[in-house]
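Have a look at these structures, which come just after this line.
Both complexes below contain chain A, partnered by chain B and then by chain C.
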Partner chain A sequence: MVRKSVKLTGLFMAVSLLLVAALAGCGSQGAKQNTSNASAADTITIGAPDAATGALANEGKLVHDGYTLWQDVVNKQGGLLVGGKRYKINLVFKDDQSKPDNDKSLTEQMITQDGIKLFLSPYASPNIFAASTVAESHKVPMIAAGGGAKKIFERGYKYIFSSYPYSGEYLGSVLDLLKGRGIKTVAFLHADDLFSQEADQGGEAYAKSHGFDVVYSAQYPSGATDLSSQLTQIAQKKADALIGTGHFEEAVQLVKQAKQMNVNFKAMAFTVGPTMPAFAQNLGKDAEGVLGASLWTPDLPYKDDVFGTAAQYAALYKQSFGTEPDYHAAMASAAAEMMGLAIQKAGSADPQKVRDALAGLGTVHLFDGSFTIEPNGSIKGLVLPVIQIQNGKAVTVWPAPFDKNIKDIPLPPWSKR
Partner chain B sequence: MSKRVNYALFAVVVLAALLLPLTSNDYLIQVATGIAMYAALASSWNLIGGLTGYPSFGNVAFFGLGAVLAAALSVNLHWPYIDAALAAVLGSGLFGLVLGLPLLRLRGHYFSIATLALAEATMAVVTNVNFLGGGQGFSLPLLGSGKIFYYLMLGIAVLAAAGTYLIINSHFGNILLAIKSDELAAQSVGVNTVLAKSTAFALSAVLGAMVGVVYALWQSYIDPPTVFDPGITVFMLVMTLMGGAGTVAGPVLGAVIIGVLTQLAMSFSKNASSLLLGLGIMAVVLFLPRGILGVHRPAKGGERRGARPLRG
Partner chain C sequence: MHLWGQIIVNGILQGGVLGISALAFSLQWGVMDLINLAHGSFQILAAYLALTLLNSLGIDPFLSLPLIFLLFFAAGYLLQLWIINRVISANLFMTLLLTFGMDFVLANLMILLFSADYKSINTGYANASLHLAGIELPVVRLLALLFLIVLSVLLWLFLEYSRTGRAIRATAMERESARLMGIKIPAVYALTFGLGSGLAAVGGVFFGLSNTFSPAAGGPLTVGAFVVTILGGVGTSWGPLAGGLILGLLEAVGSVVFGPTYVNVITFGLLLLVLIIRPTGVLGRAAR
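Now for the complex of A and B:
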């Protein structure tokens, strides 16, 4: 019995050694592959952990496609012009299964095994937190597209940048729009995740400082399937407008239950939901008039040299992927474009030079708008649009001059629809 | 003599693990840190699930609570991290002891479901208490070298394995084995089973929380869905069962195999890694129901029911 256990410990060690050897072998293989890529000398490789599977796979695909479109368009133009020479762009994606701890190990793997020194971020703030700590410790720049949590930029990191405004700024445009429509009292209802909390806190602070009366504010657990008790309380407060900050399912749920319970609002707005085509499909005519905070629409009057106008960007995207782009894709393309600009400005793909170039980009004008890169890596000045569901379609109704498109605010009561 | 050989092998394994950072790169250290972490977590699960025979589905609660408490105390109250870590580990141990008293009155599926609920409830409370970071979580300062975390996780794993060895070879271990084999009989000969089970649960909680406090600093950002992910409990359980529940080396072996396979699967096939892992787990359940070490040796504290048919 004891001898057996000795044998087993031996077996255990042999198996472990074998597995470690296999792992090391696999790693060095990856490294070899990539040095051959890098030695092609006219290619710039950029890594991106992405959510190809798991809970964030939908948004992950949009981000993936947004990055890919930039790569394809730049390569079709002959490559990125750096110091008089054109370089092909090679994006390397690795599936993080939507889990932040995978982002940490994948980023580490891409830096140390594959020798990748420039990064675009995975989707969602928690994943960006995880991936950016690795990028920071190896001093390689990462541009985030898919998370505007302020906390990401409050850590004093030097190598993280973003194409997104802070989550807390998402609701500013919606509130500006409501102000012009005579809305005075607002009810805020938000989910308990990082993004929803920051967006809600920013929205409430903006509302209070802009003369709104916040009559109700509450948090509910993410994925809640019944929000009727909250709606009952909101109805008692007689709020003019409901502002929901949560997820797609919860936004749909709130509209359905408001109708069932005959709770009427002059306006309903959500951070997540209305911008997605499934929102209007799911709710039918009940979705009419609902407002959605967005970060980008194809109607916006901006343009740049890579994609052309916002509308041309949308056409290119549809040609490549068969669907209309939403803001996740557009913001991802903008992040990739920022990387291109920084490489051009640095005149090299050296991570430290690109990082310094990013920090010194100042104000840039892209197809998604004009904005300024802040010292902490976040951006400022992007004008956020608002959309409204009209005849089942998302129509841009903010900023001016799109406000002439606003319809039915105040909304008719449910009984008159 | 052969006990000495066993010690020697243990020393060689630990020495090899200690020397690993000298020869390998950051990525391999990162993977090794993850494996050491899961070896420690699986060993902690083994104390309650393997030795005592109470299959907990909620051990991630202790891991998460350790991480969150340490972060909360260091960020909100500006405690030095080491103090915060100690308080978090003690707090989580106490939490395990106190909750063990009612929970361990349940058995089998009822216990499993109650512990699953415990983990979910803990996450819900943390998500709604601002002091504990709420839904936003905590950012902790970034510490330099990944090697520190490797050694810390390795240290906890060694502590967990050595602790398991000592328990198995102690009077306390015999009590746990008695509870696992026939709790009623143990009670009837005067064993205080409630105290013994709760102690095992609390020890499991302490180890889980130790891993949690190191994890928080290692990741430098934690939020409730990540540190209370039920998948972490599943990993602890699957690794222990794969290696051999109730053995000292089983959870470690399981953690090494699954940890390495996960990384290999992820680098070879982007989309099929979960599928491959799932197939592997199914194969183990079907062909090695007692785990790899359990096949050869009904270890002390291992499953004994197989002997029953012989007795008629």
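Now for the complex of A and C:
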């Protein structure tokens, strides 16, 4: 009897610990030391909670590198020119372990203890959502890179800005492309997080208003490892195209299982996945022809004074980090650039002045395109590209004139590949 | 393609994937009252090892499987002998803390060694399938189920009929009496943990073949093994097979009837139900 109760207590403890582990994600590491020398008069310090470890460590690194590249390029140019004087940029990162709760405490800590008054956001909408509540309460501006959830901008906040369009707009370009390729019926599958839900809703609404027949739509729990039964159902509905809005693993799993289940589509498109080099590496030739909704590619014909053209940005990035940049990195650099522009316009690093300058930036032209800053801090007008995996590489196939690069839509069946 | 036929098959095959991942977890729990929270990370490490052997030496995962099993067996044996045995006779909380810590160390070690990038073991047959009467049978998942059945039978034979197996069972039943009968408990534990680690590695290689993984993927695997073990019942070689099949089928059918978004509700609802109605699991023995 005693033994049994001991066992039950143990079981209870195990369950609690497992829950803690699940909530914590995996991997943990103390916050990075603050290396700031913010007191130096000729330095502007900008804080950024970032996902160095945990479930978002992958994208977290891209965002980290995107911010860092801006800092390095600006400092190499002698610093940021503000009111006739050059200031060195000093970015301070602290590891949020991918957890939104940590973003709150880290942002609080950086504002109150480290005296940081300008912020770039952590990665992913939930994390931005959390961090921006603290920035708002201290009246400190934060520019978000890594999440376009509409909910972030619907709270009437005055200190949150973004370099990302709304998640709901991600799929517009993909659907425009499919429309021109004779695709009529589409199946939507999405994960249950904030970003995926909004991207999916926006995509489905766009599809319906543009003459597509949405034959299947379902939400699966993030991290799902088996979607074979959903694919079986979709096959029965004879969908021309599969559009997946979720995470990298799920996009890879959907392509793998589509092949395993011999479910053929004329087109497959994902919001997250194909733009990352790991997608083609993981799937090999099964990745061929898959479309990816992107926010930026090095082929785009835009340029600015800091990085030069999109292609030059890519070269700079590769020189610094050894890999090609994907849109997470580029959009992060763009967010950092917006901060630079605002500081220059404000003529000071005073948080209130920088916020007002951001709100008044209007239409900006950066290496990632031209866009307008909206009163609620979001942006509009950015033209979103689409990429397609061809010979293991992401090739820009949208907008025009890149549509001449489209290959193999409709896709050949698995048996003919 | 017949819809429901295919969905039942999907569920059974997913049961194989879930079950093979839980085999080791169930064994360690049943014999030693050890809930190994580093179980998932052990599996991911094995997947990385198989991937490294494939990429650098060109060894197919099924050829390297025996080697990986032996390596993990040895590592697990020593780990138990030198580290876990020191706390295992203390209360359960200590071993939970220890394995929880091991999980953190392993997960971060893997980020350092392999980066946080997603990987999968992409062999020529990883996405192949057999077509049988209009039903698709993905090869890797089919093999996972076959391996699970074979390993369950071997484990049962070993525990039931071998001298060492009987020593393990005796230890599981009543540690003190077993010790008085001359069984060396630390050695039995080391052997069990070693065997469990080897089996975890087999599950890990299958996970690597059928899924994408990163160093952070261990956590969900541990939770999955936990659910399967409780459903199937602790302390029986057939628990993981039964638990895996029940869960796989229920998830497949449930995800079609109610929608995939309710899969977790179904899973944990069932878990709760089993804990209330039959705490020993479907096949588990009554508490001794």
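The rule we apply is simple: the second predicted complex is superposed on the first by the 378 of 417 C-alpha atoms of A that agree within 3 Å, B and C clash if a C-alpha of one lies under 4 Å from a C-alpha of the other, contacts with A are read in each partner's own complex, and residues count from 1 in each chain.
Simple rule for what comes next: a contact is a pair of C-beta atoms (placed from the backbone, for glycine too) under 8 Å apart; a residue touches a chain by one contact, two chains touch by 3 or more.
In this text the structure is predicted, and so the values were computed from the model without any measurement.
Contact with chain C, but none with chain B, is seen for A:61 once the two complexes are overlaid on the shared chain.
When the two structures are aligned on the shared chain, A:151 is found in touch with chain B, with no touch to chain C. In the superposition on chain A, A:249 makes contact with chain C only, while chain B stays out of contact range. With both structures placed on the common chain, the touch criterion links A:236 to chain C but leaves chain B unconnected. In the superposition on chain A, A:224 makes contact with chain C only, while chain B stays out of contact range.
Within the superposed three-chain model, A:363 lies out of touch with both chain B and chain C [touch as defined at top]. Of the two partner chains, chain B is the only one touched by A:113; chain C is not. In the superposition on chain A, A:259 contacts chain C only, with no contact to chain B. By the document's definition of touching, neither partner reaches A:372: not chain B, not chain C.
Where the contact sets of chain A with chain B and with chain C meet, they give residues 3-4, 6, 9-10, 13, 22, 24, 26-27, 53, 192, 219, 221. For chain A in complex with chain C, the residues that touch the partner chain are 3-4, 6-7, 9-10, 13-14, 17-18, 21-22, 24-29, 53-55, 57-58, 61, 192, 218-221, 223-230, 232-233, 235-236, 248-249, 252-253, 256-257, 259-262, 278, 282-284, 286. Touching chain A in their complex are the following residues of chain C: 1, 3, 6-7, 10-11, 13-14, 17, 33, 35, 37, 41, 91-93, 96, 100, 103-104, 107-108, 111, 116-120, 122, 126-129, 131, 136, 138, 141, 210-212, 214-220, 222-223, 226, 251-252, 255-256, 259-261, 263-264, 287. Of all the residues in chain B, the ones that touch chain A in their complex are 2-3, 5-6, 9-10, 12-13, 24-28, 30-31, 34, 124, 127-128, 134-137, 139, 141-142, 144, 146, 219-221, 223, 225-226, 229, 249, 252-253, 256-257, 260-261, 263-264, 266-268, 270-271, 273-274, 293, 296-297. If you check the complex, the residues on chain A that touch chain B are 1-6, 8-10, 12-13, 15-16, 19-20, 22-24, 26-27, 30, 52-53, 93-95, 97, 99-102, 104-106, 108-109, 111-113, 126, 129-130, 133, 136-138, 149, 151, 154-155, 157, 191-194, 196-198, 219, 221-222.
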